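In the two assemblies presented below, chain A is common to both, partnered first by chain B and then by chain C.
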Partner chain A sequence: MSTQIALDTFVAETGGWVAAQLEACTRCGICAEACHFYQATGNPDFAPVWKIEVLRKAYEQRMTPGGKLKTAFHIEKKIDDQELLDWSKIVYEACTVCNKCSMACPMGIDLGPLIHNVRTGLAAAGLVPADLAAAVQKQLDEGSPLGVTDDVFADRIDWVQDDWDVDIPIDKEGSDTMVVFSSIEIMKFPENLADIARILNTAGENWTLSSKGREVVNFGFYEGSPEHTALFLQKLVDAATELKVKKIVVTECGHAYDALRWTAANLIDVPKELEITHIVALMDKFVSEGKIKLKKGAFDGSGGIAFHDACKIQRRGGHIEEPRRLLNILAPESFRELTPNKEQAICCGGGGGVIAIKEADPYRFAVFGLKIDQAKVAGADTVVMACSNCRLQFLDGIQHYGSELKIKGLSNMVAEAMEGAN
Partner chain B sequence: MTWTDTLEFLRGPLFRIAFLVFIAGLAYRLIRVVTLGWPKDKVLSAGSKAKGVATTYVKAIGIFPFIPWVKKTFNGNAVTFLAGGMFHVGLISVILLGTAHMLAWKSLLGFGWPTLSLPIIDWLAAATIAAMVALLVNRLTHPVVRKLSGPAEFLNWTLVFLPMVTGYMMTHHMFFRYETLFSLHMLTVDVMLIWIPFSRLSHFVFYFFSRTIHGAQFGKRAVTP
Partner chain C sequence: MASFTLTPVEKGIMRCRHTGELSHEDVQTLASFLHDYRGKLLIDLTDITGEECGRHIHQFAPMMPTAAIFGAELDPGVLDFPDSYYTHQVKLFDTEAEALAWLREQ
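For the complex of A and B:
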């Protein structure tokens, strides 16, 4: 039964866009070398092309004459329940949808979105790993997968305002900008709230938080369900419309940015004049417009500092140069690049919902070994990033490996180096 | 029936049928995919899709085959990159720039073009055949590629390998009479042409879709593809 739903979903989502790319694949296997999960484990099941094998099979068996003939004459077995369960493991536990594979494919197939399509079929069939499904349910029930209810939100913001002595406006009508934090920041990195608030206040930005659109994390996007994704996105767009803001700023959260900036308009109605941007881009703009001044070399002299490119903010987000411009002010002497970097960067291994699935721990830690090696080669003592999900993975990872690496959020560094802050 | 009669049939009526199946089959595949529907992308671009597409083609056709390590995934796949590259360059050169093939094209199209000298084409053909053997060994030994390979992949390999080998034997008059070798070459070419629309050998048609999508997706985000 669940197989039927998954297959129907695969078929329904197979437009020319998907079909043309499935037809283009030559099964050369080059994508495997781009996949950090394959590189770290050597498991051929984790080859990106194998992750979309079930989608290809469904497409062939249900939509092409050749595939229909093959199943009719029993040359090829029809997809069954067990097969889908196997795929649920590999596409949720061993893929962060970081899309590095699409950079390697000689045919230029955009594998990341296709793997997302596989997740969509599995989500429709109810084959999402239990931990991830529970987090989605929690977001549906409480408005946040990390339990940031209305009360918790109000308490945390009060506490941050008091403890850090910073103004955080909530539901302020007539604001230009609505800022949405992720619950990871609210619950685990509250200093992000304080620091980003200080940056915005110092720059004179007319901004607000929204109590209705308070959670930017979108677990529907992780599981691949367009219905849930749209539901969570709608809350944000509604809140922005209600507050009549011109701009939504996503803070240090990668997949949420991918969902809101690059997916939302294709799932729900987003007003054309509503700008959606990322805090990294905004901080860079503040600096270039002279709205905030950073102390040059504020972080020089304490060892090498490298930037970790988050798959959803840099490769899939487009904000590759902004963090580098900022770091070249903050630590011009100590800044160094990891190899590979920018759009070719290796993902942290915790994205795409992987970090939320307990069974995936061995894989995500194996992958993290690549990041530690990268930092070592680059001579970095500190790794900076602009994604709190990456940051969680880095913190877990260095603990797992007993590494001495120091981890920093870019917004925290900018706030620390800001001159004339109030 | 003599070998000469057989050859006349294989390079005459059967070739025309094979060519027709090749064209009609690919057209059918193409039309079917195009008519599946292409949802409009309503997301506001940060960069230029056209620039992304242009960049990815320049990198893929102009740089990638000659400097494979620009993709940084070269080391793990040296055989696939080098042998795969050699195979494609060799195959296209032999088919378009071999004198005998050019004459076949001329009889179809009505015009010809300058070709490479026989020794060069001969070496290219030998290198292409060697590359195919390397690719087969890689398919059987690399854990990922082996997992991806079923009967269809090996059949595809065989149906491309046979015209290459019979063509090479023909230019060197190896083992059999010329008419026999020519007949075998034409037979395998006909079979391959008929098989292409039914198989992944048709990837060259869909390449332009996936490459364009890739470039547009990266260009839209203002990221270098």
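For the complex of A and C:
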């Protein structure tokens, strides 16, 4: 039964673009070498070409004469429930949808969205791993996958305002900018709230948080359900419309940025005049416009500092130079690049919902070994990032490996080095 | 002077002893410590009252590593925080011995 639903969804998702991508794949396997899960484990099931095989099979068996003949004459067996369960493990537990594979594909196939389509079929069939499904249900029931209910949000903001001594406006109608944090920042990294508020206040930004669109995380996007993704996105767009803001700034969350910046426009009506940007771009803009001044070399002298490029913010989002410009002010002597970097960077291993799935721990930790190696080679004592999900994965990873690597959020560094902060 | 002290108990366990009302600076320093610290935590509240520290324990709990708290009467509700993949177990105990024994088992 679930197989039927998944196959119907695969077929429904297979328009001309998907069919063209599947037909173009020569199955050369070069994408495997780009996949951090394959690199770290050597498991051929984790090769991106294999991750989309179920989609290709469904397309071929349902839509091509050759595929129909193959199943009719039992040359190829039809996809069954067990096979789909196996793919569920592969595409949710051993894929962060980081899309590095698409950078390697000689045919220019955009594998990430195809893997997302596989997730969509599996989500429709109810084959999302239990931990991820529970977080989605929590977001549906409570408005937050990580428990940031109305009361928790209000309580947390009060605490940050009091103890970090910073003004955080909420529901201020007529603000230019609505800022949306991730639940991880709200619950685990509250200093992000304080530091980003301080940066915005110092720059003179007319901004607000929204109690209705209080967090940006979108577990519907992780599971691959367009219905849930749209539902969670709509809350944010409605909140922005209600507050009459011109811009939404997503703070340190990668997947949420991808969902709101690009996917939203394909799923719901997003007002054309509503700008959506990332805090990294805004901080860089503030510096270039002289709205905030940073103490040059504020972080020099305490070892090598490298930047971890987050898949959805840097590779997908294109915010590659902004963090580097900031770090070249904050630590011009100590800054060094991890290799590979920028759009070719290796994912931390915790994105795409993987970090939320307990059974995926062995894979995400195996992948994180690559990040430790990168930091060692670069001579980095500290790794900086602009994604709180990556940061959580780094903190778990260094604990797992007993590494002495230090982890920092870019916004925290900017706030710390800011002169004349309000 | 800070209203807390951090001293090692044994390998992998640190004692965080609160000696008075936390200032804003203390709260920020503790938040930073909780990000960097990778062991377990024995939280000693013998020198303060539950009223003084209840709010902070409640707010810090989701950020804590595996932690055992003892030494002050706390409303168990302060440890009501959303359970998720990023949180660790934080429990209240009547005595230091009980707290430490539990921590060693974790």
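Operating definition for what follows: the second predicted complex is superposed on the first by the 422 of 422 C-alpha atoms of A that agree within 3 Å, B and C clash if a C-alpha of one lies under 4 Å from a C-alpha of the other, contacts with A are read in each partner's own complex, and residues count from 1 in each chain.
One rule holds in what follows: a residue touches a chain if its C-beta (ideal position, glycine included) is under 8 Å from a C-beta of that chain, and two chains touch if they have at least 3 such contacts.
All values reported here derive from a predicted model rather than from experimental measurement.
J.: Identify the partner contact of A:184: answer first if only chain B is touched, second if only chain C is, both if each is, neither if none is.
T.: It touches chain C, and chain B stays clear.
J.: Pick one for A:378: touches chain B only (first), chain C only (second), both, or neither.
T.: Neither partner.
J.: Just chain B (first), just chain C (second), both, or neither: which does A:358 touch?
T.: Second partner only, chain C.
J.: Is A:395 contacted by the first partner chain B, the second partner chain C, both or neither?
T.: Only chain C is touched by A:395; chain B is not.
J.: Among the partners chain B and chain C, which is in contact with a greater number of residues of chain A?
T.: When the residues of chain A touched by each partner are counted, B comes out ahead.
J.: Thinking of the overlay built on chain A, is A:165 touched by chain B (first), by chain C (second), by both, or by neither?
T.: Only chain C is touched by A:165; chain B is not.
J.: Could you tell me if A:66 is touching chain B, chain C, both of them or neither one (first, second, both, neither)?
T.: In the superposition, A:66 contacts chain B only.
J.: Residue overlap on chain A between the chain B contact set and the chain C contact set?
T.: In chain A, nothing is touched by chain B and also by chain C.
J.: Touching chain B in the complex: which residues of chain A?
T.: Per the touch definition, chain A meets chain B at residues 14-17, 19-21, 23-30, 32-34, 38-39, 42, 44-45, 47, 49-50, 64, 66, 102-110, 113, 261-266, 270, 272, 314-318, 320, 340, 342-344.
J.: Show me the residue ranges of chain B that touch chain A in the complex, using the header's touch definition.
T.: 29, 32-39, 41-44, 46-47, 56, 60, 64, 71-73, 75-77, 80-81, 84, 142-149, 153, 198, 200, 202-203, 205-207, 209-215, 217-218, 220-225
J.: Which residues of chain A touch chain C in their complex?
T.: Residue list for chain A touching chain C: 131, 135, 144-149, 152, 155-156, 159, 162-165, 184, 187-191, 355-356, 358, 392, 395, 398-399, 406-407.
J.: Okay, in this complex, where on chain C does chain A touch?
T.: Against chain A, the touching part of chain C is residues 24, 27-28, 31-32, 35-36, 38, 55, 59, 62-63, 81-87.
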